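One chain, subunit A, links the two complexes that follow: it is found with subunit B in the first and with subunit C in the second.
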Partner chain A sequence: MDRILIFLLDSSNAILVLMLVSLGLAVIFGLMNVINMAHGEFLVLGAYGVLTLQWAGLPFAACLVIAPMLVALIGLAAEELLIRRTYERLLDTILATWGLSLVLRQGLVLIYGPGSHAVAAPDMGSVPVFGEIYPVYRLVVMALSAAAIAFTFWVFFRTALGLQARAVIANRNMAACLGINTRMLDRLTFAFGAGLAGLAGAVMSPLISVDPNAGLGWLVPGFLSILVAGLGSLSGPIVGAAGVGAVDSLAAAISSPVWAQLTVFVAAIIVIRFFPQGLMALKRREA
Partner chain B sequence: MLEIQELHAGYGGGEVLRGLSLGVAHGEIVALLGRNGMGKTTLLRCIMGLLPHAAGSIRLEGQPLSGLDCFEIARRGVAYVPQGREIFGQLTVEENLRLAALRGGTIETGYDLFPGLRARAKDPGGSLSGGQQQQLAIARAMVAKPRLLLLDEPSEGIQPSVVNEIADIVTRSVRSMGLSVLLVEQNTDLALRVADRAVFVDHGVDAASIASRAVTREILASYMEL
Partner chain C sequence: MSRRSVIEMLVLVFFVLLPLAMPTWALSDFAIYFTYAIFAVSLAFLWGHVGLLSLGHAVYFGLGAYAMGVVTLGMTVLPGWSVIGVILAVLVPGIVAFVLGSFFFASSGLTGAFFGIVTLALAFVFERMAISSTWLGGMNGLMSIPPVVVFGHEIYDPLVLYFGLLGLLALTIRLLQVVMRSRFGLLLAGVRENELRAATLGHQTARLKVWAFTLSGMIAGLAGALFVSQFGFASPSLIGFSLSAEALIWVALGGRSNLLAAALGAICVRFVESQLSGALGAVWPVVAGLLFMTSVVFLPRGLFGEAMARLQVAGRRSDPS
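Showing the complex of A and B:
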């Protein structure tokens, strides 16, 4: 019973962070039709951001706030210098962002070296949760992830900016005809998506080994989450991440992380084989 | 208020507009008539900035529009009701209107124009009937408080009885606001009834400009029949 509880908490932790990652991917793909292969590196940059700011002597809480913002700024620069030249050409966006991911990864190797670093975990102690001792920081990670997801939905569905973004997603030309600056929205969206990845990396930094290649382990499940649930909505990646994360955690608990990855892949392939439009499309058809 | 001179534009290699010139005065409704493929929609897309023009000039109130982005042209007071309406089907009726009201203007303008839309405010635009979608597209354009309204085939795919009702409402509203209108319409009877003047477009140039009342069957036949 106790072990099941801890397992559920750990799984929720992983799932919520995965939701952040896939939400960022989906936001960027939805608005700009860009498949961002550098998303994993944005996440890693968030972790390195915390590491660097911590070295500079900043308190951990400040690092958590500043690092995602720095990643958003890097995203903004990448959009202006590189991504915007590939719009309308889906395959080129894959190539361009993959190139960007290589540059970022090797850049990290040059600056920080190829080895892994550890971010000092904030000493928050542990609390009893339903009779089990659980680290407070992991609860903080969950709360921050959930808050960031809620914030994203709030921005997209409750603000004028989000309304404009949804209009651009639906019909870019008509949105421009109503006076919406679609270029500005592209910039903001890419920065926002990168920032979400940066936040995921920042909150996870004390829990993972921070090395230049850590991104791939997040990019792949992030994409799977979107594919399994289906493109074209913001709730898709949330549902998909829940599914992918749950299968991964469950399989890892029963066997090993390697078998877990294999299970996730096989499950994803089966789902996509039978529901090529994703699981969410099923619901839409019934509605 | 709108002056177009010697406009050349097209898609890919093919030139559709071949030196078209046209003017619209303040408060004037001008109907663009002509056979399909003569460049009427292309002209509206050029004015809106959705299509670049190769040569010639477009001026709004004396200010050149060449090189401006579509959104900048919209902000200068040009509103567009495209062929096929292009409302945002996934967004609610109210959200469609709010988008147009973000830079000044109020969605009440749209509801006042077509009160039937108010009852559908929370419904997705895509769930409306063809006539209501057209009402929404026009209301969306008017909410932005434009100076120039571009209408492309507003009667297309709508029941004739509804068409006349919409046309009367729009004409009355446009007249009272002193808007300038450029109207592309296949239904020539309707177009000539609401417009002050008809400009006939033939092979990408303005072939004739005639007051609506003076347009005869013979003139129509010479420009409209194949």
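Showing the complex of A and C:
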């Protein structure tokens, strides 16, 4: 019973962070039709941001706020310099962002060295959760991720900007004709998506080993999550990440993490192959 | 003779004469670049001609490399002849590509970016399997794989390797060009331009793509086999993500829609890398990445592809016949 509870908590932790990653990917893909292969590197940049700011002597909470913003700025610069030149060429966005990921990864190697770093975890102690001792920081990670997800939904469904963004997703040309500044929305969206990845990296930084190649391990599950559930809605990545994360955690509990990853990848490939519209489209078709 | 064949002949003559201007040790480096070029050609055929962007193409290269290693090290019940190694190194990736391709493309099938991401995930799966397989040496891979044996002679003389592999590369490009000009190749181009139209005209587009994928996988496997028998070492890094990414860079920089340009891309990037990695060290991958991004944005046809296309256009203008 106790171990099941801890397992559930750990799984929700992983799932919530994966949700953040795939939400960022889905926002960028949905609005801009850009497949961002550099998303994993944005996550790693968030973690390195925390590391650097901590070295500079800032308190951990400040690092958590500033690091994602820095990543969002880097995303903004990348959009302006690179991504906007490949719009309308879907496969070229893959290549361009792939190149970007190579440059970012090697840039991190140059600055911080190829080895892994550890971010000092804020000492928050442990609390009893339903009679089990659980580290407080992991609960904080969950709360922050959930809050960021809720914030994203709030922006998209309760603000004027979100309404404009959804208009662009539905029909870019019509939205532009109605006077929506799609260029500005593209910039904001890419920065926002990058910032979400940066936040995921920042909150996870004390829990993972921070090394330049850590991004790939998040990118592929993130993509599989959005493809499994289906593109075209914001709830897709949430559902997909829940599915992918849950299967991963379950398989890892039964076998080893390596086999869990293989199981998830193969299962996701099979789902994507047979339901290219995503699993959520099935429900819509029946309704 | 068309302008295009003249360019191709000149490039071939250049590489035939190149050993005169090089020290012997550099020849074996070039022989290895030629195997990379064969791999790049297999990717350019699939990507440029059929329009399928495979983000995990090293899977087939790696399978060929491991098949060759396993056979020539005598780890199977088969005799450890190079011939059997090469045959398996072509057949195993071919069969894997055929099975995966049938799975991907049958009926509605995967297209565009979906195909790319699935192939990327598969590269992870295969790399993981190679790492966790103790039979294949796990993380360390297979070591001291012997060179190719032809009629009882081990081939390790750099000059022989250089010309042998140059010949094979030229042959591969020629073969694929013949395929591309055949009825099958024209149908593949039709699938690339508009798959729905090709299907509406009654062509089995899924089957066409499966066979193109299989052919590309077989050539990648051959390149892998030729690579390990020179390099002597098959490791999980040959099968996974990083080599796939590198091959994409070669092909994008060289030129995706021209096989010779893709081959030149592989050879040049590798050569420049070996020249500059001493001076630039860890900065080199950043430079390569920046060049790659620049070429994707400004030169979608690639450096050599663009140059050759311009030369051909210039030729047509000055020579109205």
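Odds and ends about this structure:
The definition used in the following text is that the second predicted complex is superposed on the first by the 287 of 287 C-alpha atoms of A that agree within 3 Å, B and C clash if a C-alpha of one lies under 4 Å from a C-alpha of the other, contacts with A are read in each partner's own complex, and residues count from 1 in each chain.
Here is the rule we go by: contacts are C-beta pairs under 8 Å (C-beta built on N, C-alpha and C of every residue); 3 or more make two chains touch, one makes a residue touch a chain.
Remember, it's a predicted structure, so these values are computed and weren't measured experimentally.
Contacts of A:Gly179 after superposition: subunit B is touched, whereas subunit C is not reached. Once chain A of one complex is fitted onto chain A of the other, the partner contacts of A:Val220 are limited to subunit C, with no touch recorded for subunit B. Of the two partner chains placed around the shared chain by superposition, subunit B is the only one that A:Arg166 touches, whereas subunit C remains out of contact. Looking at the superposed arrangement, the partner reaching more residues of subunit A, out of subunit B and subunit C, is C. Looking at the shared chain after the overlay, A:Leu262 reaches subunit C, while subunit B stays out of its contact range.
Contacts of A:Trp98 after superposition: subunit C is touched, whereas subunit B is not reached. No residue of subunit A touches both subunit B in one complex and subunit C in the other. Residues of subunit B touching subunit A in their complex: 48-50, 69-71, 74-75, 79-80, 82, 86, 88-91, 95, 98-100, 102-103, 140, 144.
Residues of subunit C that touch subunit A in their complex: 53, 55, 103-104, 108-114, 116-118, 120-122, 124-125, 128-129, 132, 241, 245, 248-249, 252, 282-283, 285-286, 288-290, 292-293, 296-297, 300. Contact residues of subunit A toward subunit C in the complex are 35, 82, 85-86, 89-92, 94-96, 98-100, 102-103, 106-107, 109-110, 216, 220, 223-224, 227, 258, 261-262, 265-266, 268-269, 272-273, 276. Residues of subunit A touching subunit B in their complex: 160, 163-164, 166-167, 170-171, 173-183.
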